[in-house]
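Written below as structure tokens is the structure these notes are about.
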Amino acid sequence: MNVTIWNENRHEKKNPKVEEIYPTGIHGAIADFLQEEGFNTQTATLDEAEHGLTEEVLDNTDVLVWWGHLAHEEVTEDVAEKVKQRVLDGMGLVVLHSAHFSKVFKKLMGTGCDLKWREADEKERLWVVDPSHPITEGLGQYIELEKEEMYGEHFDIPAPDQLVFVSWFEGGEVFRSGATFTRGRGKIFYFRPGHETYPTYHNKEIQQVIKNGVKWAKNTNTSKHKYGNAKPLEEIKNK
Amino acid sequence: MNVTIWNENRHEKKNPKVEEIYPTGIHGAIADFLQEEGFNTQTATLDEAEHGLTEEVLDNTDVLVWWGHLAHEEVTEDVAEKVKQRVLDGMGLVVLHSAHFSKVFKKLMGTGCDLKWREADEKERLWVVDPSHPITEGLGQYIELEKEEMYGEHFDIPAPDQLVFVSWFEGGEVFRSGATFTRGRGKIFYFRPGHETYPTYHNKEIQQVIKNGVKWAKNTNTSKHKYGNAKPLEEIKNK
Amino acid sequence: MNVTIWNENRHEKKNPKVEEIYPTGIHGAIADFLQEEGFNTQTATLDEAEHGLTEEVLDNTDVLVWWGHLAHEEVTEDVAEKVKQRVLDGMGLVVLHSAHFSKVFKKLMGTGCDLKWREADEKERLWVVDPSHPITEGLGQYIELEKEEMYGEHFDIPAPDQLVFVSWFEGGEVFRSGATFTRGRGKIFYFRPGHETYPTYHNKEIQQVIKNGVKWAKNTNTSKHKYGNAKPLEEIKNK
Amino acid sequence: MNVTIWNENRHEKKNPKVEEIYPTGIHGAIADFLQEEGFNTQTATLDEAEHGLTEEVLDNTDVLVWWGHLAHEEVTEDVAEKVKQRVLDGMGLVVLHSAHFSKVFKKLMGTGCDLKWREADEKERLWVVDPSHPITEGLGQYIELEKEEMYGEHFDIPAPDQLVFVSWFEGGEVFRSGATFTRGRGKIFYFRPGHETYPTYHNKEIQQVIKNGVKWAKNTNTSKHKYGNAKPLEEIKNK
């Protein structure tokens, strides 16, 4: 399993609080716990050439994890289109938190992907609503986070193929915080938590969900299709 | 009910056979039978200013019907984005046949929307697979078309919210030929038949499906949402 | 539109508080506001012969609304099976609150339909999560109920065809409180609120949702199918 | 991975043609190729005590494969209910061919599960319609079977959670021949082919699908839920 963790890596450079929580960057923290699971990991960030997502890197990526917030617009159209196409071709994609507004996710969803938000140090409780789903492996009934940013409905996404988590927020909102989609040969998992000023990615249960999401998103040599003009497989009488 | 029928209207000008079948254009034929249903109709075509889709026209459109084939690339990004946004805001959209490759549909789906195809004068039989769906009002178990273009799987769309028709083709393929999607406040119905060289839109059952699809796609003053920063609705203790 | 409102009508006889809120029974209250919408209504209750659901009554029912709680087990297998079959044949079904545990709903779902619950006079806020859905006609972003019984996840139902509402509860839970399903030719809407000791069915927004649900659930003369042995529609060469 | 293959094992005893194709029974043939995959297998048949499905056997079953046809009614209510409950509790279920009419499948679906059928030695071609799905691992675009029984739409099941295969039949029908469902903690895969008088379960591609289906259906220690009365997790002000 080859996992590439992409991060815009800007908050880490600008905000000492973020740097303190994630001294090797959000991408570094995620890579660390994915390695513990035995996955091969590499990281890529916005300020590298091609944002670190060269053909070679993508050729060695089974699943791509994406975190972005401040600089969605700095991701070039070329790279966003290339990554989208890779997903359609079978690369798994795990979209975290504020990456709901990333170019790649928006292109794949076809909707505005907007939502309500609030930074108020409030409690979030993520309830499992699909206890058959492998993304819930090893979890209890819910995950509780003492302080997180709020994301509230309506979340402007297509109806998910599978809804796995729904969040309760102290301030009165709910959110579909774990949702899966398929596009072409690709599997996509959106997972809400992970505001940069909280140590969310150090939480063991959150780590478990991301590990599960990566496993789930990996394509397992599924069917490939041809498109375009096709000769008949059976005789056509009218001809 | 205000319905706008958009057509690129190019085959009609280039191919005498198409002109013979649809002397007032494919848009004219569709407008005719939708008027019979009591809908207010207007048409718009590619070569008009803004492709006929001005703000005023769109303001008076509950449901937009779209047919295109030769000239998808001539539809400007501006108009394609504007129409997409209208759908997210609640305008219904009925996408016909080769419009699977239209900019608007591809943007809303997020996938390649590709498929297999063949022009071989072959038989198509569209089976109803969801007999609870209002789009099947007045229909029998299937619709038979003596000669149509073949479209075959894999059809590269997201899993539909509702699958209404599956086609059997004489040459050995199947196709998900009637499928619904929601995006934002908008409802979208894709319906496969309607190759320009066959009189498919004169078929009463096909007309019935398109009428049903238009009725289904109309937004009925549903809930509108606010996005962005939101004040708490309940007291937050941690603050 | 012919709507039959079924109620076990037991709390009303036993509990003066319920009788005070609903002097003509929960069924009476629901019938009243559905009549305002121009629907023809009739009511049926547990203690009538055949629980009031004779062939004649069902023949004159486009949509059946169901409320039950104390006495699910007193509904005979015969009536439960008959009602289930009517739904498969195209009768709409609106299942309210504690009817999640009714025989009819459990038979149609195939699951345990269990949930968490608590009576604690707490606040419920039902968020619209599908703003394209006709069941949200005329609504804002959410409905707030000052005091209701809590129902919490996991709600043991199949993944809904469409998820329309998600509830937030003051005590920390969430719930998929508005969900649609199709079974055969029938359309089913489950709607959570309506504990007998609160005046929930006098709330105008709740009434609006139930009216919308009844409209949505009505079958519109959709496709009917034949089952069993079938002659080929095309020549089979191997024979 | 512990797999139990259940078969009513009646055709094998009555029809020499079936016995010739499957000398160790359909269950024996399926067990053989699942063992090759490294799964632990055991078989169970109708005429054993408790139909071979004792508590001990079920305790050692991750995934149950089910084949039945002639004798669905001979399966006792007790066993059918017990197996249904096990699925809700997390046991995987692979339902083959004529088991669409088995008590267990019908109870889990909530619908009639009826369909069209014909025995006419006709060609079936199963097209992959979801190339992201792990059940298509190792497959091409379609599977072709020279001679099979026909099953035709409408197939009276709930809308599947995921539609994986759609069949084309020589005689003019289509069928949703590979479909997944979740119920409680359980995952269910229905797969159409396998009429007793054809050597379908000796086909390598069909074997591949069943292996994939078994892998997919296995529960991976997912979230478990408590139901019933629940204390609040947050303070309720109204109390």
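For clarity, chains are labelled A, B, C and D in written order, and residue numbers in each chain start from 1.
We adopt the following convention: a contact is a pair of C-beta atoms (placed from the backbone, for glycine too) under 8 Å apart; a residue touches a chain by one contact, two chains touch by 3 or more.
What you see is a predicted model, and the numbers here were worked out from it, not measured in a lab.
Q: With a Cα-based fit, what is the angle in degrees between subunit C and its identical partner subunit D, given to the nearest 5?
A: Nearest-5 rotation angle for the superposition: 180 degrees.
Q: Shared interface numbers for subunit A and subunit D above half of all numbers used, same, or below, different?
A: Because over half of the interface numbers appear in both copies, subunit D and subunit A meet with the same residues.
Q: Indicate the whole-number Å distance between the mean C-alpha point of subunit A and the mean C-alpha point of subunit B.
A: Taking the mean C-alpha position of each chain, the two centres sit 31 Å apart.
Q: What's the distance between the Cα centroids of subunit A and subunit C, rounded to whole Å?
A: That gives a centre separation of 36 Å.
Q: If I count partner chains per residue in subunit C, which residues reach a count of at least 2?
A: 125, 128, 130-131, 141, 152-154, 159, 161-162, 170, 172-173, 182-184, 223, 225-226, 233-234
Q: In the complex, go through subunit D and note every residue touching subunit C.
A: Residue positions touching the partner: 84, 88, 107-112, 114-118, 120-123, 146-147, 150, 152-154, 156, 158-159, 161, 170-173, 181-184, 223, 225-234, 236-239.
Q: Taking the touch rule as given, give the residues of subunit A at its contact with subunit C in the complex, in rising order.
A: 125, 127-131, 141, 152-155, 159, 162-163, 166-169, 172-174, 176
Q: Which bits of subunit A are touching subunit D when the two form their complex?
A: Residues of subunit A touching subunit D: 90, 125, 128, 130-134, 136-141, 161-162, 170, 182-187, 219-226, 233-234.
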